[in-house]
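I've put the structures underneath this note.
Two complexes follow with chain A in common, the first pairing it with chain B and the second with chain C.
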Partner chain A sequence: MLASDVLVAQNVGFAIIAAIMVIGALRVVTTKNVVHAALWLVVVLAGAAAQYILLAAEFLAVTQVMVYIGAVMVLFLFGTMLTRAQIGAEKDLNNKNAIIGLPIAVLLLATMLIALNDGFKAEKLPADSPLVTTQQVSDQIFGIYLLPFWALSFVLLAAAIGAIVLARRD
Partner chain B sequence: MNAVLLASDLPYWLQSIFRVVGGLVAVLLPAGTVVYLFLFKMLSFMQSRLGPMEAGPYGSFQLFAEVGKWLQKEDIVPANAQPEARIFKMAPLIVLASTFLLVVVVPFGPDALFTDFETGIFYALAVSSISVLGILIAGWASANKYSLLGGLRAAGQLVAYELPMVLAVVGVVIQAGTMNLQQIVVAQNTGSMFGWDGIGNPYVLTQFVAFIIFMISVQAELSQTPFDMPIAESELVSGYMTEYSGFRFLIFFIGEFATAGVFAMIASILFLGGWGVPFAWFGWTTIDSVDNWMNFAGPLILFAKMMALVFFIMWIRFSSPRLREDQLQRFAWKVLIPISLVNIMLTAVLKVAF
Partner chain C sequence: MLLNQFLMLGAVLFCIGVYGVIVRKNAVLVLMSIELILNSVNINLLAFSLRNGSPDGHTFALYVIAVAAAEVGVGLAMVLLMYRNRRSVGLDDLSEMKG
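Up next is the complex of A and B:
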């Protein structure tokens, strides 16, 4: 591998964003306030969007911002603020189940690593990976992945209707 | 297009400086003009008074005086909000950051643009929703019931009206066949109606329903009357802005009017042909054959169209009463969204048919 093949700026960018994401992810679980946790989660999700930009996956990055920061996190904050969101540090945010969570997290990570390693082995991304345009993404979704897309839409529709049925009093 | 000094010829650091300065101008200039012309002067004339007349000719320097006043004020954090002082101080910056992110994709001329983002309009809609975060945490960190209620109302309203806005834009995207704002401009100005290309094909004619829905949603996203429930002064003091003073209030204030300007720019790009004039007037065929002077005329044309749209936003703001919270939500979910869905369906059918 030639020295000129290494994308220095991109790697430095990746490292900085990844470090911010790791710190953010740790703060999500260690912070003493629910709203702070949600805001640190915003940092992690924005970092993921930045990584997509770094990989020239524009559409994916914008979708990440739109769906996760613009919708999911707003709903998170909305929900916590409507119910309980006190100012300042809060006690007993941790419960005993945290200990069970640890081995499960390790298990999940191991599964993912094995699956990735098994699936790709020594395969490498081409140095000049082709730019994926929005048109190609949509051709894929509405072409060969049409059926899964429909199935997903129906699941979401069912969930939305279910939520309305549960929330209605009459 | 040949002897032009393209931004890409310059070194990176010089480009970056140009971009930062350009972004500041593109955000602050419309905001200042809108505040002076509409908030100070038009509102006064509608109420049969003169408005500010002392500072500068016809009071045109009033805004500088106001900014100077705000900058001198003390940066107060309420006692109850002290534990969250950092978040309290951060919130207005998030709102303003969303405005600056928004202006990045706006094209001002054939070459006068910050970035030629392929997913332009989608990006604009995505980053505009970041401001909701700022408003929510501003309401929460103020440690004040009225502020929290204002923040929650704002979030509910912004989420509700983002949907019709996105759906209205889909009609334009289907017709133009692209999400790139620059190409949407070109598609409108090279288009023709039944073979006549005298005024191109501005989408305000073919997508009139989408245009109306988009403008209503903009009105709601900016929480201007009749959609100003979040800052309803008679019930919530000033909503999420209640506890802010000095330059943090100024940032909210700039954010509100700068976002009005940028949204009006985006609306004029989507529906009124943006920076362009119909290319047939000067015998241009594609974007590459557009003369260089459009890089200077383009921003002015866009600015004129923007001012026209902001005039309507402000006109409605100054002359209509406030909706009730439930009416506001019902209007979005039961009126605007179904209409915009029908609009998408019709556009798609017509697009395939022709």
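Up next is the complex of A and C:
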């Protein structure tokens, strides 16, 4: 069966990328070096872009690469270098009562996995549904979601001005 | 492909992000954990968008990305200000409100 072969390839790709993403995310929250955490975050964000392509959202994937890997990561590295006297491993990155984080995260994960398993047991994604095109997305943004788009542009303007006001030396 | 595999990947990333927000003291690392959470939400939105064949999820994911970029900009400016005023980015040091 040709169609199922394609799906097997997709599933293998998904599994590899998902494993890389989970390992990268775990390294982001456990590493002792802030710069290493930023670089592992690049791995996770690139993996997310790959998952977007698997989900047939190529415009979102390109946006993810440009905005996150291009802009946000540069911001993070600048933030790290402007606030750090030392580049290297540090001891003092975790909270005093960090031990409580693990049970909370595990409980949350167990709850979510049980709920997802109950809700969508083995529901398949439709393999032959019409794909969402970038044209449709832009029609929505500049159509029914125009007002949120304006609001968002004001949010970005306010954030840019706010960042300048906060960070400049006067 | 199952719908659930994407939702579960999102759930795992979300919980790792929550763990990072709780455990980390360095403000930059907390912001990175928040990025993990926002990305897991985006994966869920796009999975449901493919399932329903509707472009709503794509639109919302784009808005989430834009808001996340704005949040990182302001957040890092605040971290910079905090470092300039007290030479540290530890969130535990911000304890003036403690009685």
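The criterion applied here is as follows: the second predicted complex is superposed on the first by the 128 of 170 C-alpha atoms of A that agree within 3 Å, B and C clash if a C-alpha of one lies under 4 Å from a C-alpha of the other, contacts with A are read in each partner's own complex, and residues count from 1 in each chain.
Convention: contacts are C-beta pairs under 8 Å (C-beta built on N, C-alpha and C of every residue); 3 or more make two chains touch, one makes a residue touch a chain.
Just so it is clear, the model here is predicted, and its values are computed rather than measured.
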item: Per-residue touch tally on chain A - higher for chain B or for chain C; value: C
item: Touching partner for A:94 - first (chain B), second (chain C), both, neither; value: second
item: First, second, both or neither for A:82, with chain B first and chain C second; value: both
item: Which of chain B and chain C A:12 touches, first, second, both or neither; value: neither
item: First (chain B), second (chain C), both or neither touched by A:122; value: second
item: Chain B versus chain C as contact partner of A:146, first or second or both or neither; value: neither
item: First, second, both or neither for A:114, with chain B first and chain C second; value: neither
item: Partner chain in contact with A:28 - chain B first, chain C second, else both or neither; value: second
item: Which superposed partner A:71 touches (first chain B, second chain C, both, neither); value: both
item: Touching partner for A:39 - first (chain B), second (chain C), both, neither; value: first
item: Residues of chain A that lie at the interface with chain B and also at the interface with chain C; value: 59, 63, 71, 75, 78, 82, 133
item: Chain A-touching residues of chain C, taken from the complex the two chains share; value: 1-9, 11-20, 22-26, 28-29, 31-33, 35-36, 39, 42-43, 46-47, 49-51, 53-56, 58-59, 61-63, 65-74, 76-81, 83-84, 89-92
item: In the complex with chain A, residue positions of chain B that touch it; value: 80-81, 83-84, 87, 117-119, 122-123, 125-127, 129-130, 132-133, 136-137, 139-141, 143, 148, 151-152, 155-156, 158-159, 162, 179
item: Chain A residues touching chain B - in the complex, by the definition given at the top; value: 35-36, 39, 42, 58-59, 62-63, 65-66, 69-71, 73-75, 77-78, 81-82, 85, 87-89, 133-134
item: Complex contact set, residues of chain A against chain C; value: 7, 10-11, 14, 18, 21-22, 25-26, 28-29, 34, 37-38, 41, 44-45, 48, 51-52, 54-57, 59-60, 63-64, 67-68, 71-72, 75-76, 78-80, 82-83, 92-96, 98, 100-102, 104-106, 108-109, 112-113, 116-117, 120-127, 129-130, 132-133, 136-137, 139-141, 145, 148, 152, 155-156, 158-160, 162-164, 166-167, 169
